[in-house]
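Input: structures, listed below.
What follows is subunit A paired twice: with subunit B in the first complex and subunit C in the second.
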Partner chain A sequence: MQMVGKVLNYFLVVIVSVFLILPIIITIFGSFSVYWGTDMFSSGTTLNWYKEVFYYYGNTILFTLAISLSTVVINVILGTLTAYVFSKSDHRWMNLIEEILSLPMAIPGVAIALALIQTHSMIRGSGLLILAGHVIFTFPLLFRTVLGTLRTKDFKILDECAASLGATPFYRFFHVIMPAVKSAVLSGAIMVFLLSLGEFNITFFLYTPFTMTLPVGLFDSYSTLRIEIGSAFTVVFLLLAIPLMFTLHKLNQSSTFTRNGGV
Partner chain B sequence: MNKTSIQIDAIEKSFKDGTRALQPIQLEIEPGEVVVLLGPSGCGKSTLLRIVAGLEQPTRGKVLFNHTDVTGLPPEKRDVGFVFQQYALFPTMTVAENICFGMKIKKFSKSQQHKKLEELLTLLNIEELRDRRPNQLSGGQQQRVAIARAIATEPKILLMDEPLTALDAKLKEHLRLELAQLFRKLNITTLYVTHDQVEAMAIADRIAVMNKGRIEQIDSPREIYRHPKSPFVAQFVGQVNRMQGKLIERDQHKFIDFGFVEIAYDDDLVGGMEDKDTMGVEAFIRPEDIHIGHDHGIEMEITEVMFLGERIRLIGSCNGHKLMVDVANETMVERGDMIYLYVNQEKIIFG
Partner chain C sequence: MIKRSTPIFMMPIMIIFSYFFLYPLVVLMISSLYDDHGFTTKHYSQMITNPYYVKGLINSIGLSVSVTLVALVVSGVLAFFLARHDFPGKALYFTLITFPISFPGVVVGFMIIILFGTTGLVPILTQKLTGQPSMVFAYTIFGIFLAYLYFSIPRTVMMLFGAIKEFDYTLEEAARTLGANSSQAVVHVILPAVLPIFASAGTLTFSTAMSAFGTAFTLTDQFNILPILMYNEFTLNFNIEVASAIAVVIGVICVVMNFGYQTFLKRGSY
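Showing the complex of A and B:
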């Protein structure tokens, strides 16, 4: 009986893995084929598609990295500070505002994009609007992560203690609160980066030919060029995203990290 | 060390929902004195301490250090050391870094910091913990570090909020003694909050017993214990038997009859009792002030014998009155025994 259960377990794991990973593996293979027809490598293998990706979309990669990194920097500062302020207050109105600040996660990206265009159409060409969209969309993630940590551990007492030792609010934030929530901020930042890197919804409505991000470029390549270029592009994207995923996973698992962040 | 007095002038605190945490409170703490705020949870003692620290603002009233008004100052400008019940060590810093935190902010020179650190590590007996992080320390060790950190900058005033409450009984007793010695050594003006009366009596110069947002009595531990000025203080500090008596007159002499014991009425004992002729008299007697007699006295049937180690507590009833009596621990008595008691009348406390 136990044997059957074990087999069933492995079977499930294999089925799910195959279901999730197979398309990605096929895409990776496809990116190396000269012609992806009914069979993949009948015309041989090539690295040309990667050349073309960098030729056509090289600038989108840099632009995307710039957007994502800026989003991370802005939200780390904004999100952590806001969370610090919220953690110290237990005012009724603050609870309401906290809910409102978390709203962008629930609103469809289209709606955010359209609202942004309507409000600030002048800066659309500079790509700043895309940055704004990403910041708005990913803000709740960091804010929530840090606020959650600040609330579970008794940071109010740490803050008060540092104050009684003569530390100004500014000093307290950077020398006591920040180091103690470092792990939360870091994992929040990586999540923000990943989310921003893969963001398609909002960007699709805000981009111009000069401000194209990676996912939009991906869509563009699949829809206008050849499937092989799209596949190569996907692989480039995965190469960026996967190491970050692993780092995030490590961070969340690493017990020493949470222990040192604990009170 | 320069010494500072604290004046608490008509401090009042109401919370947003309208509950009154502190009635107007008046309290003067002498330079170098250790005053303990003692009371049940919710009596406002912690709130008062936090107001002195500047962590909370009073609704009305003033806090003065050396007769200088500090009510409007934030905690970081008050130069007080604060020790929390939860230790509140900075988790990302080592013990040494924790202790030096305040000195770094107050711009002590490197050599000063080093000298003070060594001094405190030795004083609190934590030399070997210097490079550990808080999560590698036991509760008692954490609290030692927290105390060292609080006194490192030689603050004018030391405030402690139930510093020993989170520790286990044995350690608590040990640290209590160390704290008492530390206070003598430092000679720093200290305000100390606890709900533990033994702790309060062990370390205090004066105890302020608080109840429902007001100070019921402020006196030396001995006075508080021997001469409580209100029924609340009598019952909160130490154990008491509550006695309800009435005034009677026989052969031209006045007596107070408590049902199981009668005592001669004395004006000195009961101030202003003339108006109370018809009303009952409330009084208290501590269990250790009732003794076992040989063959006569108040008869009591023992219903419970509790061996407490250093003494035995007997619970019994005489004439329908429930009574607690503490006797020496070698006394051989058992449940159901009849014993004779006499009351040390001088020790009766009138509320």
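Showing the complex of A and C:
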């Protein structure tokens, strides 16, 4: 009986691992094959699908990088500043505001998108609405990561200690606060970038043909182009995401990222 | 105490949040309560009277509940396996199976097409073996179910593993020395200790599944779940009031679940 249970356990572990990892590997292989079929490389290998991806979606990729990097810059500044303020105060009202600032993590992207398009459709064409949506949607991840670090590190005492020893606020910010939150800001920034890079649910309602982002482009390629091109485009996304996800693991912050509900 | 400098530092985020988040949400709620003739609650009442919307609601909840339950069982097994075994390449393995956390829904959908689509791996293999392609269920409800499992399992494994690896194994050893066999130890000692984290992981998985859109939409736009229903009302029927009402319903369910999650987190000391 024990034996059967154990075998069943291992079987389940293997099946689930294959289910999760195998399609990624096939996607990578498929993106290099001339013809997608029973024998993946029977007609040889090619890099043509990648050329097609950059031909069709080169601008999309550049636009996405611009949006995601802007989102990161805005949220690193806003999120760190706001977390700093919150860590110094435990006013009753601040708890309520903290809940509100964390709300975009709980509210579905499609609801945020429908709300945005009803109120600010006049700035839709410029792509600014997409940027605003991404800033709002990704803000809680960085804000909460930095705030969490500031709260656990008993940073208030450190700060006061430095102040009592005569350190100026300017000196304190760079020599007490910054070192304490550096790795939290870095992992927050990575999470914001990853989330913005893969954001589909909000962007799909807000994009125009000139402001398409990578996931919308992926959707477009899956529904209109050959599966080989779809695979190659997916691999481009993977190449952007893998190093960042790996860094997140190294920083031990990947569990925070499970709160990412953008699917 | 709020210091004098606080309002200035808080100003930028308050302005952005008010203008691009709170104000739009209020507009969304107001528009869900109006039609051409003025104030009405019919968009909400039809959610529980009109069979079309009722079906969408039931489909969404049924799908999310079943995905959550299966994901909890499977991820529980995986998390215990990871916590109890050391093997070469374990860190890499863990990185690989949790990597899909970074996938947008469209990529998750594509992974299911790769496995079970018309030219997917499984249909091609079955065609080679039997001459007939079978198991082409990427574009059906079962395909959506598998896709939801694909994004739920890595997230749930990550949450459960964090709690399970910190579990104090001396407790289990104590139970074993007192004569419990290993399954008794799991049922009576370990499970009660990790149950709070299962509950909170479950609420999070459920609300992620409830609000998922891109995953299902990549596979089919025909299956009636609330987010797809909302999209169709908005783009095909230009019925922004009904779409808003559906968005509010999904939003309320998710926010309620999210508060449940936080309460669990505070109660179980994880």
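Structural remarks
Following the convention adopted for this analysis, the second predicted complex is superposed on the first by the 218 of 263 C-alpha atoms of A that agree within 3 Å, B and C clash if a C-alpha of one lies under 4 Å from a C-alpha of the other, contacts with A are read in each partner's own complex, and residues count from 1 in each chain.
Following the convention adopted for this analysis, a residue touches a chain if its C-beta (ideal position, glycine included) is under 8 Å from a C-beta of that chain, and two chains touch if they have at least 3 such contacts.
Everything quoted here is computed from the prediction, not taken from an experiment.
After overlaying the two complexes on the shared chain, residue contacts for A:Asn9 are found with subunit C alone; subunit B is out of touch.
When the two structures are aligned on the shared chain, A:Ile123 is found in touch with neither subunit B nor subunit C. In the superposed pair of complexes, A:Tyr171 makes contact with subunit B only, with no contact to subunit C. When subunit B and subunit C are set side by side, the one touching more residues of subunit A is C. When the two complexes are overlaid on their common chain A, residue A:Val34 makes contact with neither subunit B nor subunit C.
Of the two partner chains, subunit B is the only one that A:Ala162 touches; subunit C does not reach it. In the superposition on chain A, A:Asp154 contacts subunit B only, with no contact to subunit C. Contacts of A:Lys182 after superposition on the shared chain: subunit B is touched, whereas subunit C is not.
Contacts of subunit A with subunit B, set against its contacts with subunit C after fitting on chain A, overlap at residues 259-263. On subunit B, the positions that touch subunit A within their shared complex are 53-55, 74-82, 84, 86, 88, 90-93, 101-102, 105-106, 133-135, 149-150, 153, 159. Taken together, the subunit A residues at the contact with subunit B in this complex read 154, 157-158, 160-168, 171, 176, 179-180, 182, 259-263. Interface residues of subunit C, counted against subunit A in their complex, comprise 1-3, 6, 9-10, 12-13, 16-17, 20-25, 27-28, 31, 74, 77-78, 81, 91, 93-115, 117, 119, 121, 124, 127-128, 149-151, 153-155, 158-159, 162, 181-183, 204, 207-208, 210-215, 217-218, 227, 230-231, 234, 240, 243-244, 247-248, 250-251, 254-255, 258.
Those residues of subunit A lying in contact with subunit C across their complex are 2, 5, 9-10, 12-13, 16-17, 19-24, 26-27, 30, 36-38, 78, 81-82, 84-85, 88-89, 91, 93-94, 97, 100-101, 103-112, 114-116, 118-120, 132-133, 135-136, 139, 194, 198-201, 204-205, 215, 218-219, 222-223, 227, 230-231, 234, 237, 241-242, 244-246, 249, 254-255, 257-263.
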